């Protein structure tokens, strides 16, 4: 064997945190993968060193009970350390957490004590790899879906026998942003960084006059590195969720750049990774 | 043949509406089904009366170009009337529209001119059935996902040999609300009704002390009929998106009603239809 | 209230049936909806007549233990009768079953004793509505995905200012067939009817020279009524899973009707219902 | 920038290959990612070296027209070489192909000339990374869903305060196999290797008496290396699609290891990579 690993995926968890003035709710899906001295299970079906994936699931619930769950990064680290301490046969513990996001109901301008509306498909994520010598954290966000109706151009690209796309000075720009970042230090307010990165992505998307999805990504990444000294590297990936102009002249109408077909596939996919040089 | 119908589904459409001070964006998926004198296509493969579904798609784009798209109900009616007027062989036109929802980006407390964030999976819908004598409109919303951490009880239900569920005085209540409504008149501000119904559902969900999902639905439906005289009937359907308490005593811990497993299936499904008696 | 109903959805169940020479496996998802005297739960939160949806789930498991599960129709009827007999407050029980399909592994031409490969997304279904006076059964199949590369034409349809589709004498015909049928009598070999209908759909699809999806559906429906005297009515619904020819002349190549783009949306949707006149 | 790449994803393609005695159909989804001298687009919005992702899509169609598409590996290599030869600014071309699978309709024991039934969700895949100096091919299959009703044990695992799972000598074993393999040489019959690996996975699954998912994976991987000298490394990943025994004693019934609940989450996930030592 060159490699083996195993674990439990999609351990879903809801925790209510009851503050005097309000309830918080946290919803996570946790994936665990362990590497270590598990060869006998593969080679002989001898499971004496195997921590059952069912027990991993139980561990998530038991440990969540006494953990504040302030941020997913902290809980993922805590889980990783637990597996390393508890089981000598574990060499590396990888913990992935995806957080479902809820926003508090607002009534008459006041935040409600205990009622929430889902934020939809957008997720906050972290991947924490822990060994006895090291911890690596890669946090992120997914499915931040944004659209703008103007301030986006695309022209001057290679034009050859495979090119049918027209140059455009004014197109719709729609995408579902994914971002991942690593940290420059171990003392980080993970929630602040997440909120700042999310806000920066939206602000740059809204205000930057785009000549290419590539360019917008670079401005986003550069601005995140500027705004967040805690961030070591930032990766941004953006599918181009195309809105294709409909040619209305076929029906005797004028094209005024108003009517488009959204298509799911095929889609352009553009990514960047930036660090501090 | 007892019945036949055909049409085009998932005709997706984006329209930019350029106001002097801001852009609006509308995104719809339109489904069309026509009934009428189409038997020859079924019986003989004679398509001389068949409006190709591809032409229906083109029609949606052409008609959207010169229509304000103020509300999906208006556009669905307009499409239905078009098919009836244009093609004598059409007896009934059913038009279904699902609207993808976008919220305007807010920066420094100000709404952005042309940038939007997706509202996620929640949709606004309408189904309009038109004949030469009648129009029936059934509008709705889907996937309004809400959760509250308390103020929900469930007890006193039938207890017999198939019952293992414990009575509870304090449970999580989470659901993905679907609602559908018909209209008492033809002169309606469809956008106002939609907004009022959506807000009423959230407000009742947040503030009603629930003894059963059934009871909450009834309060919602009654309140909607009270708030919206334009509404003739209201149907609400709510899956019970269960959060199952984890029994932590198995791990030597105390149960404090804080740790739950969200499960997608099986799920309870509770519905009500109310009208004005 | 004009109407109310509630129940449990997606009660999933696997049963192993151990024959001397082989194992069978059955996998169902059961949905139950009950109507009856449940108004007090809606109006007052009084659940004394409410059979908890959790108890419905338990009932499915308990009843499946001693039932042969020969066909989904039989088990759905049995469940419906159970709820009516057991609970006086139930007026109507609707039971929907979706069956996941498995095919036996074949090794060296011999069927394996206990190993199976999934049939993919295709499902067999039934919907059984039971009252104290009547039983109505509507069975079906879903997601039978078929494609043929020729023997499909479409031309002669209405040509006007909204028409851009070209006539074609040779197109790809691909669809995901859904069918539903009711029964002429109460003494039926449900498995035989299901198998015969499925085979007839495939045979007609493969051998009929199609001038329209509509025509193919009619031939299928007529042939099913002919082959299956047990069937009272048959409904077939077929999305047209379009393969759009790519215009290769743009790239200096010849169009030979060989290269196509499969698109998921928009799609044509054509349906028929036939009975015995 | 530390890294950037861009391309087109989900370029879907259907090709009919008309042999004298039968038609073949090929359906692929192609993803392309290019790396190279694209910094100016990111840094300045200067797209003069950018091959538009729309042009990549056109390229796929144009090149498929004159390519036999014998295997996805061959077409992915061909596409990769094309981008490297055609555009000096491209340093690396990554091409991913996912093949949708169709089986020929059989009527009266004879294979049909041009009609097919979908194989469902199972896919064949390849990922080919090409530079001017090297080609790396990683092929695979996904969603091969199998189940066996016996011949699977799991016991003797770590038992501590987080363990609630019972030992079992007879459980259902169900999984959705993913496999990926690299090649030992450049002269390979890719279709033969794929077919042999797929068959070996099914055969081992059916016949191996399993003491752990881990052990089954190891037997599969070892057997594949033995059967396929063309294979350099093999990775297998298997989610444990749990069937949880229902405790029927709660309802006064006996547990006979016959009734189970299939659950989608959480799920165990077990993987192995083997090469030739």
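Just so it is clear, A, B, C and D label the chains in written order, and each chain counts residues from 1 on its own.
Please note the rule applied: contacts are C-beta pairs under 8 Å (C-beta built on N, C-alpha and C of every residue); 3 or more make two chains touch, one makes a residue touch a chain.
None of these values were measured; they are calculated from a predicted model.
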Between copies chain B and chain D, what's the superposition rotation on C-alpha atoms, in steps of 5 degrees? 180
Between A-B and B-C, which chain pair is linked by more C-beta pairs in contact? B-C
Between chain A and chain C, centroid-to-centroid distance (C-alpha), Å: 37
So what's the Cα centroid distance for chain A and chain B, whole Å? 28
Can you compute the centre-to-centre distance for chain B and chain C, using the mean CA position of each chain? Integer Å is fine. 24
Which residues of chain B are in contact with two or more other chains? 12, 58, 62, 162, 164, 250-251, 264-265
For the complex, give me every residue of chain D touching chain A. 1-12, 29, 31, 33, 38, 41-59, 62, 86-87, 153-158, 160, 162-165, 210-215, 217-218, 233, 235, 239-240, 264-275
Would you mind writing out the residues of chain D in touch with chain C in their complex? 12-18, 23, 25, 27, 58, 61-62, 64-66, 102, 105, 107, 112, 114-122, 144-151, 172, 202-203, 205-207, 243, 246, 248, 250-251, 253, 256-263
What residues of chain A sit close enough to touch chain C in their complex? 161-162, 164, 250-252, 264-265
